[in-house]
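So, here come the structures, one by one.
There are two complexes below, and they share chain A, which is joined by chain B in the first and by chain C in the second.
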Partner chain A sequence: MAEILIYGAVTSAIYAMLAVGFTLIFGVARILNLAHGSFYALGAYTAYVLTTVLHLPLLPSAVLAVLFVAGFGVGLERALVRPLRGSQIAVLMITLATSLVVEQVLFLTFGSEYRNVPSLASGKLTLLGVDISAQRLVTLGVSVTALSLLWLFIQRTRLGSAILAVSQDPEAAQYMGIPSDRVFATVMGLSAGLAALAAVLAAPFLTVQPGMGLLPMVKAFAIVIVGGLGSIPGSILGALLLGYSETIVAYLISTSWTELVSLVAVLLTLILRPAGLFGKRAAF
Partner chain B sequence: MLASLTWKDLIGAAAAVALLAIAPLLVKSNYLVGVLTVAIIYGLWAASWDFMSGLTGRENFGYALFIGAGAYTAGFLDTAYMANPWWGLPAGVMAAVGFSLVLGFPTLRLKGPYFALAMLSGAAILQRLMLIFWEKTGGEEGLYGIRPLLDSQLGFYYLVLGATVVSVMILVLLARSSWGVILRAIRGDEASCQAAGINVTFYKIASLAISAGFGGLGGALYAHYQLQVSPQLFSIVTTITVIIMVYVGGMGSIYGAVGGAVLLTLLTELLRDFGEWRLLVYSLILILILFFLPGGLIAPLWRKLRGAAR
Partner chain C sequence: MTPIRRVVGSLAWLALGATAGLTLGPAAAQNPPIRIGVPTAIQLQVGRDTTDSMQMAVDEINAKGGVLGRKLELVVADETENPETGINAIKKLTADEKVDVLVGGYTSGVTLAQLPHISRAKTIYLGVGAASPSITQRVKQDYDNYKYIFRVNPINAAHQARALADFISGFVMAEMGLKKIAIIGENAKWVQDLVPILKKGAVDAGADVRMSEFFDTQTSDFSPLLSKVKESEAQFLVVILSHGSSDVFVKQWYDARFPVPIGGIDVKSMDADFFKRVGGKSISEITINGSIRAPISPKTIPYWDAFVKKTGRGGPVYTGPGAYDAVYVYAEAVRRAKSTDPDAVIKELEKTDYVGALGRIQFDDTHDVKAGPGLVSFGFVQWQDKGERAIVWPKEMRSGKAILPPWLKK
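Up next is the complex of A and B:
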């Protein structure tokens, strides 16, 4: 029981970071960003290069990796997404193309074998009678902190209010003099940074390979559908639901069945409550 | 664009088919026949993807699911049950149509981008299932030892060519009939269509099922060409390859999609030494097309040619 409680919390924390970034972009810019998974892969590989190839210390490389991917997100928004924003489908295609380019470049540079990223914290701890690696606890702590900071940033700062304003009514926000392009770029950077942070934290106990981004993105999508598109509390709740159900399935049945949980969750949500738990607008 | 077929279109189509039919007779090489077979199967996939997604504007990012369903069904029937391999073709079509109905009902209520992502998830999960049930599906390696449909490679090529020509003709005629008009109208404004008394759900699901059926047929043919199937068929890479072909051809024209598929497959063979770079090149082509040629390449070219020959 205690094992499920603790491991489920760690899984949920990683999912929450991915899903909140995904839903943030959707809520503010109305963009479904298929390059979200490549932010995650890029974060893990940047951390790998900085630590294993360039032999930088762990903490600075983690920070650098997050900043680099955040910059990549901003650049992607500026160069490729912004000119095509008129058409939702074109944005979908361009982000998908970007994610393929990233995956292929990673594949051509590093090959398809699994890479290891060193842990930020080593050793094991015992919590509630459960042995857990320190890295997983760090992951849990950092992600809760990061998400709380994000919440404070959105609720309390000027830029945060601008983000909220654009998400409620982009046109009215623009009339009020809010530079919506800059808000979009900020949100893209935040979302990319969060995905990279999730990757840097989780990479030591997950596999790092070029195609690693797809499945987490599918899960982020599932969580966002369950929680309600565009709702941050919804996606945190969705992440907890999915993280815990996957952990329970992994303990009761087998780890290879966990991937199915997200499919069942999406299908049930679409049939029973298409707007998601906290969604205002239905997804259709 | 919606005008009925002109004699110029028919001559153009006949010329293209004749060229594809004669090519292996002029250059006697098994290698060329193989490349053309794959090119034409991709043409069938691209055309049927375009029929549903190009016309209704709902991009199907999980199209590989139907290809995989058709291919695995044909593979199963052949390797596990040793049925007559010809049964694989109708069975593959039926399996794909079945999947499209099961997935279409919950997902087609979604607007474009959400539908795209829901289908993407569906295909990803099915690929996962193939690995989970590895005892039955062969896991990463997939199914081996599928028997060929015909002994002669050239004969199989003509079978594939014939099946594709008939399928594409059906799709083009449907797209130019009142059915196609309704699908395009749904793309324009779904609410108005509903208000006009059109059963939007029926048309959307039926067009998905048609698109899936031809995809499954292509999948079954592909299984009998490769003589093996692997879970890679379900991957997003398969879907995106087909979508890029449609974009190169020109969305919504169907015949353009076939042209795009043949063009890109031949191009890939020219770049064979850079095999690893194929997907990167494809993605870059897609980015360039989105920015500079949103209407595609083949269909606008043909319209120009047709206009010039007046």
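Up next is the complex of A and C:
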């Protein structure tokens, strides 16, 4: 039981970081960003290059990787998404194309082999009688901190209020003099940064290879559907639900069934409550 | 036809005629090349090392004048790990490229899907990557249609299971003194073929198999599985994976300082630079390995060194030596048959007795490579300090003393 509790929390934390970023973009900019997985992959590869190729110390590398990917997110919004934002399909296509390009560039530069990102914390700890690697606990701690900070940022700061305003009614916000383009860019940067942070934290115990972005993105998508597109509390709850259900299935049934959980969750949500747990309206 | 087009058209015919006239003389002596199709997963190391090794063999043979006065030539097609793409690769190579022979393969599921298409194209196929016994079983079931199929490498999953059972009884039980075994394997065709045989072999040898479970090849979190292994009180964990995430598995095993040593068939852990790529976390892992720089035959070390020199990589993965040998096996058969006619070449391939980088290659009556001492065999290789590798089993190949994971050392 304790194992399910602890390991489920770590899985949920990683999912939450991915899903919150994904849902944030949707909630604010009303776009489905299919390049979200590439933020995750780029985060891991940047950390790999900085630590293993350039031999920089770990902590600054992690910070640089997150900043770099956040910058990439802002650039992507500026250069490719903004001109096409009028059409949902165009945005869908351009972000999908971006994710394919990123994957191919990673493949051509680094090859298909797995890469290694060193752990921020080594060794193992015993918590409630469960052996767990220190890196996983760090992941849990950092992600809870990062998500709380994001929450405070949105609730307490001026820019945060602007984000909220745009998410509630983009046109009205624009009339009030809120620069919605800048808000979109900020949100894209935040979302990319969160995905990169998840990657930097999880890469030491998960995989690093060019296609690594796809599965997390599918999971983030599933969580966001379950939680309600655009709702941050919804995606955190969705992440907990999915993270724990997967862990429970893995422990009590079999690891070979875990990948099915998210699909079943999506299916049930779409049938029973198309708007998701916290969503206001069906997104599709 | 516009006048310009007509002029261009007649010029083209003129040029064609001229080249035909020019080449007629020497062309009579210069036969067209023998084309070797390579269906493999070119984006993966297994595929890359297949093509690079085959190119080495092709260059060597061409440097000596080719076969029957004909040069060899490779045509590569990406079969990925997806059966549908695999079938398209075969169609492209046989129908469009009209290759004389196919050498390649990695995923058993893909190869099995390709078989009917290979048979319909009546093209010889030398497998160098897929291990499922079902592949060559077809030859036995329906010789006339499937006689084109041969496997040079790897030793099939049933033989691998027996080798693994022998490792468990001789090494894990007798030498390490561990009787309680857990088996985990990825949910893939070759592992489904392998595990039942392995389990039976281990039980017959007196092992106490505490658990045996499959996991999805997409699994990214092994902690639940590892925790089940721990609960089962197993003392040694046999792991069988190829398509799954070898890196994630050893990382999580190492990070948790998991109190059970691991060994088995971990295909990616066969790579020369695997240790480096996982930050040394594969320390003490043992895996079957058919591709090691060891004097398995007089050709093994020269091949290995030439590969490293040519590619600048650490060494070939398991498909490498088999792919290299397969080109020679085919070339020899063509030479003996004095033709590339499939039926004549098949007769000669069946008589193959060739010493290559893999060992001594002979085919059994299912066209599968024979396994055993003196033929093709493999060692159990362990990652040791600083990424050194030592063969720890079988005894006659042993090159170093086995170690335990650092956290289990007494």
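Just so we're on the same page, the second predicted complex is superposed on the first by the 284 of 284 C-alpha atoms of A that agree within 3 Å, B and C clash if a C-alpha of one lies under 4 Å from a C-alpha of the other, contacts with A are read in each partner's own complex, and residues count from 1 in each chain.
One rule holds for everything that comes next: contacts are C-beta pairs under 8 Å (C-beta built on N, C-alpha and C of every residue); 3 or more make two chains touch, one makes a residue touch a chain.
Predicted model only: the values in this text are computed from it and were never measured.
With chain A as the common reference for superposition, the partners chain B and chain C occupy clashing space. Applying the stated contact rule after C-alpha superposition, one finds that A:7 touches chain C and leaves chain B untouched.
In the superposed pair of complexes, A:113 makes contact with chain C only, with no contact to chain B. In the superposed model, A:218 lies in contact with chain B only, and not with chain C.
Judged by the touch definition given at the top, the superposed model places A:159 against neither chain B nor chain C. Of the two partner chains, chain C is the only one touched by A:131; chain B is not. When the two complexes are overlaid on their common chain A, residue A:275 makes contact with neither chain B nor chain C.
In the superposed pair of complexes, A:67 makes contact with neither chain B nor chain C.
In the superposition on chain A, contact of A:256 is made with both chain B and chain C. None of the stretches 44-52, 62-70 or 80-88 of chain C clash with chain B in the superposition except 80-88.
Overlap of the chain B and chain C contact sets on chain A: residues 107, 215, 256-257, 259. Contacts from chain C toward chain A in the complex involve residues 43-45, 187, 213-216, 218-225, 227-228, 245-248, 251-252, 255-258, 268, 271, 273, 276-279. Against chain C, in their complex, chain A makes its touches with residues 3, 7, 11, 107, 111-116, 118-119, 122-124, 131-136, 204-208, 215, 247, 250-251, 254-259. Interface of chain A with chain B (complex): residues 32, 34, 80, 83-84, 88-90, 92-94, 96-98, 100-101, 104-105, 107-108, 214-215, 218, 221-222, 225, 229, 256-257, 259-260, 262-263, 266-267, 270-271, 274, 283-284. On chain B, the positions that touch chain A within their shared complex are 57, 59, 61, 106-107, 109-114, 116-118, 120-122, 124-125, 128-129, 131-132, 236-237, 240, 243, 247, 276-277, 279-280, 282-284, 286-287, 290-291, 294.
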